[in-house]
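In the two complexes that follow, chain A is the common piece, with chain B as its partner first and chain C second.
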Partner chain A sequence: MVALQILIDGFAISSLYGLGAVGFTLMFGVSGVLNLSHGGIMVVAAVCGWLAAGDLGLGVYGGTLVGVIAGMACAYATYFVVVRPIQRSRAIPQEETEIFLLTGTLLWGIMIQEAVAYLFTDNPVTTRPLISGVTSIAGVRTPQNEIMIAALCWLAIGLLWLLVNRTRAGKALLAASMNPRGLTLLGFELSNMYLLVWTIYGVLAGIAGVLLASFLGVSSANAGQLTASAFSIVVLGGLGSVSGSLVAAYLVGYLETVTAYLIAPTLRPIPALLLLVLVVYLRPQGLLGRR
Partner chain B sequence: MLAQIFRSRPLWIGLGTAVIAALLPFWLSAYLLGVLTAAYYFGVFAMAWDLLFGFAGEVNFGPTFLIGLGAYTAAILDNQWGPPIPVCILAGAVVAVIGGLLLALPALRLRGPYFGLVTLVAVLLLQNAIVIFAGITGGEIGMTVPDVLSIDATVNYWYSLAFLVVCALILFGLSRSAIGLILQASGQDAIEAQALGFNVTKHKLAAFCISALFSGVAGAMLVFYMGTASVDTVIDISIGVQVIIAAVLGGRRTILGAVLGAVFLILATEFLRPLGQLNTFVVAAVALGVILFVPDGLLGYALRRGERE
Partner chain C sequence: MPISPVKHPSKRLARKLLLAGTAATALGLAGSAWAAEPIKIGVIGEESSVAGASLTKAAQMAADEINAHGGVDGRKIEIITYDDHSSAADAVRAFQRAVNQDKVSAVLATYISEVALAIEPWSARLHMPLITAGAASTDIPKHVHEDYAHYKYTFMGWLNSAFIAQSICDAEHDLLVGPYHMKSTVVMSEDAAWTTPLDDQFLKCLPEAGLKVLDHIRFNPDTTDFTPIFNKIEGEHPDVITTGISHVGVQPTVQWHDQQVPIAMAGQSSQATTSTFWKDTNGAAEGVITASAAAPGVATTPKTNPFTEAYMKRFGDTPAYDGYTAYDMIYVLAEAIKHAGSTDPDKMVDALEKTDYVGTIGRIKFYGKNEQYTHGLEYGKGLVTGIDIQWQSGKQVAVWPANVAQAKLVFPSFVHLPKEAANK
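Now for the complex of A and B:
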């Protein structure tokens, strides 16, 4: 009984983790940027969705849409205000761009977090479930919203797979992650690729933020925690590897759920952290990484 | 080599500033002195971080792992057995150095973001450990220590200033010595440094130990200044972020710039307090502005201007 409960609860949270991490890893693969304001963007999407659904009276679905758009807008702002100026700066030596990007996006994340807390709220926001009602799966009472969330996550991941593998722009994106110089030689504008990957990233982070708000609730204070969990999942799976991130998301999600159910809820994050240290130490490229 | 150190301009300007700073208690209120006292300890944190990042090239996202080890070791020791304060601080330093060695092990194998993540995880694990062993550590609430350095604000101020000056002299001298140059070389291109016959491993280990030593001692002293040790004041990731911001703001690879950055950061946070919730936002925005427009940091920029003239 408990086993089944863990299986179901873990699946929903793992899918959410996966969705949050896929955009993050895709962006690292294509443009080499680790965006430490990731959690901030998810929070913006969640809070905007909550505001639109409640105060503006757009309903749950309208709110979701507004949230996703807000996440995308915030991702664009991150790119144009922080990332691109650092990438193009002549005063920053090439080999130090990475640390500047990390520090810059970190600061930007803090700014987003504080701005949300100041302008809107620093209380946790919980949007109403997309669908209400409870079903019983083999005797385990499961909110239908949980099933819906897992389904939506996989729908988004599936669409991403189609986009990357079946469309011309997506294939170019894949090529950019393998060999950016080769792509420019073929006449593709690399900055367009960056714009595309930030768009995809923004949409994915937005969806993840909105869904998280309807599942567990999101508060601006969580931004750092959200970034850290996406970061660890992505490193665990291998930087730049989308399938690796998904595997890692389920590993972390289930490890946390099992710990919370069987040992103690307070120890929830610890086994995943230990696993992360172990993997990073024994296999620095991550589970399915290529570098 | 020594003569060269004594001829460098930042050192003399720094010493002059230190003399003026030592006289400040005659003018400033006890409140401001308190703020500056904390800022000076912060300056040591930032200098220790700069040695690892600016020179050894290691992205350490968890300076508070080393600081926290020193702080909590000293606090727990004082609380449980109550030996004299110097013994507690020494114990804190030893544990922090052991922590530094633990952190150095992965650093010798990992690069860039991977190592950064390990340091981040180290902080999270330490934080969790403190909450789990709440019986000894006071958990999330923190713990008070029975002993303090002094109850007089001026004496406390002089302690922290003296400590800062000693640390700055040692670290600055170190950064300008052959060791500093070798560290810088191995940070920028480890393979080439190795090809030139330098023992990169040994130097990196040394850098970790030194950074840990100063972080740990400063952390322990901060505890005995404030009279409390809590996760929010010495371990939380946001404290680590502040240390990093201070060092980058002041200028990487300058050591002394880190002090400047730390004092600026703490004073700015203090003076912006009337803004309420917005003050963190403004500080982060200023730091971001510096990174975008003056990537060399305040002191780095001043030094570069000085060279050009």
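Now for the complex of A and C:
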């Protein structure tokens, strides 16, 4: 009974982790940016979705849409205000760009977090579930929303797979993650690739934020934690590896759920962090990493 | 052609004269109304939390009212607010700055026990009267009791955890054990300074109230997924979950509702005392019972409703529990200064100890030097007991004590009630 419960609960949270991490890792693969304002962007999507669904009276679906658009807008803002100026700056030495990007996005994330806390308080917000009610799966009472979340996450990941593997722009994106210089020699404009990857990233982070708000609730105080969990999943899976991130997301999700159920809810994040340390020692490139 | 900076000397002169005149008039007016120096009171709270914002807003409202009625012996009350981000270190800095730089005469601060415990020694060292607006740890009055000579400057503006627990036990006895024949409970509290004495008292008074405690769960306030906790509780089949939560609130409530955990929730859920809780939880709050200081439309005293209405009119929102206490405590401070005849800290402490003031939360008195909870807020019938509210269709409805109750309990359909009640 508990085993089945763990299986079901772990699946929903792992799918969400996966969705959050896929965009994060894709962006690193393509543009070499580790976006430490990730959690902040998810929070903005969640809060905007909540605001639109409630105060603006757009309902659950309208709110979700607004949330995803807000996530995308916030990702664009991150790109144009923080990332691109650093990438193009002549004052920053080439070899230090990555450090500046890390610092820049980290500070940007804190700014977003503080702004949300200032404007909407740091109380957690929750959006209404897309579908409410519970279903019994072999005796385990499961909110239908949890099933819906897992399905939506996989739908989004599936669409991303189609985009990357079946469209011209997607294939170029894949190529950019392998060899950016080669792509420019073929006549592709790299900045267009960057814009595309930021768009995909923003949509994915937006969906993850809104779904998380309907599942567990999101507060501006969670921004750092959300970034940290995406970051550790991506490092565990191998930086830049989408499939690695998915595997790692399920590994972390289930490790956490098993710990919470069988040991103590308080110790939830510990085993996953220990695993991360172990992986960094023994296999620094991550589970499926190629760098 | 560039515009010359001195194009209309006469006009500029006239404006200057006008300004000077206005300023002089204003000063003159101020001078006549407020001959003496204002009394400064520092107010420390976290602006970005609902409860913290309510604290500072309500304090400002009390000061404005007192000033509109002539102030304290002709002296205006000036509120200086500080944002502590709910951090003990920030609160200590704010406290020091209030005392040393801004020269306040008293400080009203915080609803978080950890923060209150950090600034309490500074109130002792700097001889600065301090009233806490909502912190509940019994360690706060314990320090005053054990080292009165040094710590006597600290007072508590809200009931301590032991009394909150007692109040909840009394309410659960009257509301759940009696009418619904509930017999067992699980205590579910966040791990924080204020819940240690709360849980101690719960474990003592819940069995006395007729509820067997099947389990006692303390969880990390950083918890976001409560499914495993609810799952464990459900396996133990209690009739009700008795909560001790303040740092968390929205998330367990939403998950309780979405997962349709079939057990009623009562106890202390501080976030549920705020008016935005319904919106924050999208209505998942339906059926949640919590202890609070006061509630909209509940006439605990004749002052309660006028305050709630004025607050709503001014801020568009109802006050959180520490809004009621902060409002009362500014009045208590003003009275103490009036009776002391000065802002001398020792005289103010003497006057505060003699406080007997009917505010929005009840009749306010502080325990004396020789009592267990020195300078804690006195608890009891005819003094302050707190009330219990339940969220019903988007509104906080008073359900306990009986003399202020507005409605009977209503539980969401997914909550299973003991059989005897269902047959009624």
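To be clear about the criterion, the second predicted complex is superposed on the first by the 291 of 291 C-alpha atoms of A that agree within 3 Å, B and C clash if a C-alpha of one lies under 4 Å from a C-alpha of the other, contacts with A are read in each partner's own complex, and residues count from 1 in each chain.
We adopt the following convention: a residue touches a chain if its C-beta (ideal position, glycine included) is under 8 Å from a C-beta of that chain, and two chains touch if they have at least 3 such contacts.
Everything numeric here is computed off the predicted structure, so don't read it as measured data.
*Asks:* In the superposed arrangement, which partner chain does A:Val277 touch: chain B (first), chain C (second), both, or neither?
*Replies:* After superposition on chain A, A:Val277 lies in contact with chain B alone.
*Asks:* Once the structures are superposed on A, label A:Thr266 by its partner contacts, choosing first (chain B), second (chain C), both or neither.
*Replies:* Both chain B and chain C are touched by A:Thr266.
*Asks:* Touch check for A:Glu95: first (chain B), second (chain C), both, or neither?
*Replies:* First partner only, chain B.
*Asks:* Quick one: is A:Thr167 in contact with chain B, with chain C, with both, or with neither? Answer first, second, both or neither.
*Replies:* Neither partner.
*Asks:* Touch test for A:Ser232: chain B only (first), chain C only (second), both, or neither?
*Replies:* First partner only, chain B.
*Asks:* If we overlay the two complexes on their shared chain A, which of chain B and chain C does A:Ser191 touch? Say first, second, both or neither.
*Replies:* Neither partner.
*Asks:* Between chain B and chain C, whom does A:Leu216 touch in the aligned arrangement: first, second, both, or neither?
*Replies:* second
*Asks:* A:Asn123 contacts which: chain B (first), chain C (second), both, neither?
*Replies:* After superposing on A, A:Asn123 lies in contact with chain C but is clear of chain B.
*Asks:* With the touch criterion stated at the top, can you tell me which chain A residues are shared between the chain B interface and the chain C interface?
*Replies:* In the superposed arrangement, which is not itself an observed complex, chain A uses residues 117-118, 122, 266 for both chain B and chain C.
*Asks:* If we count contacts the way the header does, which residues on chain A are in touch with chain B in the complex?
*Replies:* Going by the criterion above, the answer is residues 34, 82, 85-86, 89, 91-92, 95, 98-100, 102-104, 106-108, 110-111, 114-115, 117-118, 122, 224, 228, 231-232, 235, 239, 266-267, 269-270, 273-274, 276-277, 280-281, 284.
*Asks:* In the complex of these two chains, what residues of chain C are touching chain A?
*Replies:* 47-50, 53, 191, 219-220, 222-229, 231, 250-251, 254-255, 258-260, 271, 274, 276, 279-284
*Asks:* Considering the complex alone, what residue numbers of chain A touch chain C?
*Replies:* 2, 5, 9, 13, 54, 117-118, 121-129, 132, 134, 141, 143, 145, 216-217, 219-220, 222, 225, 257, 260-261, 265-266, 268
*Asks:* Residue numbers of chain B touching chain A in their complex, please.
*Replies:* It is residues 53, 59, 106, 109-110, 112-114, 116-118, 120-122, 124-125, 128, 131-132, 188, 237-238, 241, 244-245, 248, 277-278, 280-281, 284-285, 287-288, 291-292, 294-296 of chain B that touch chain A.
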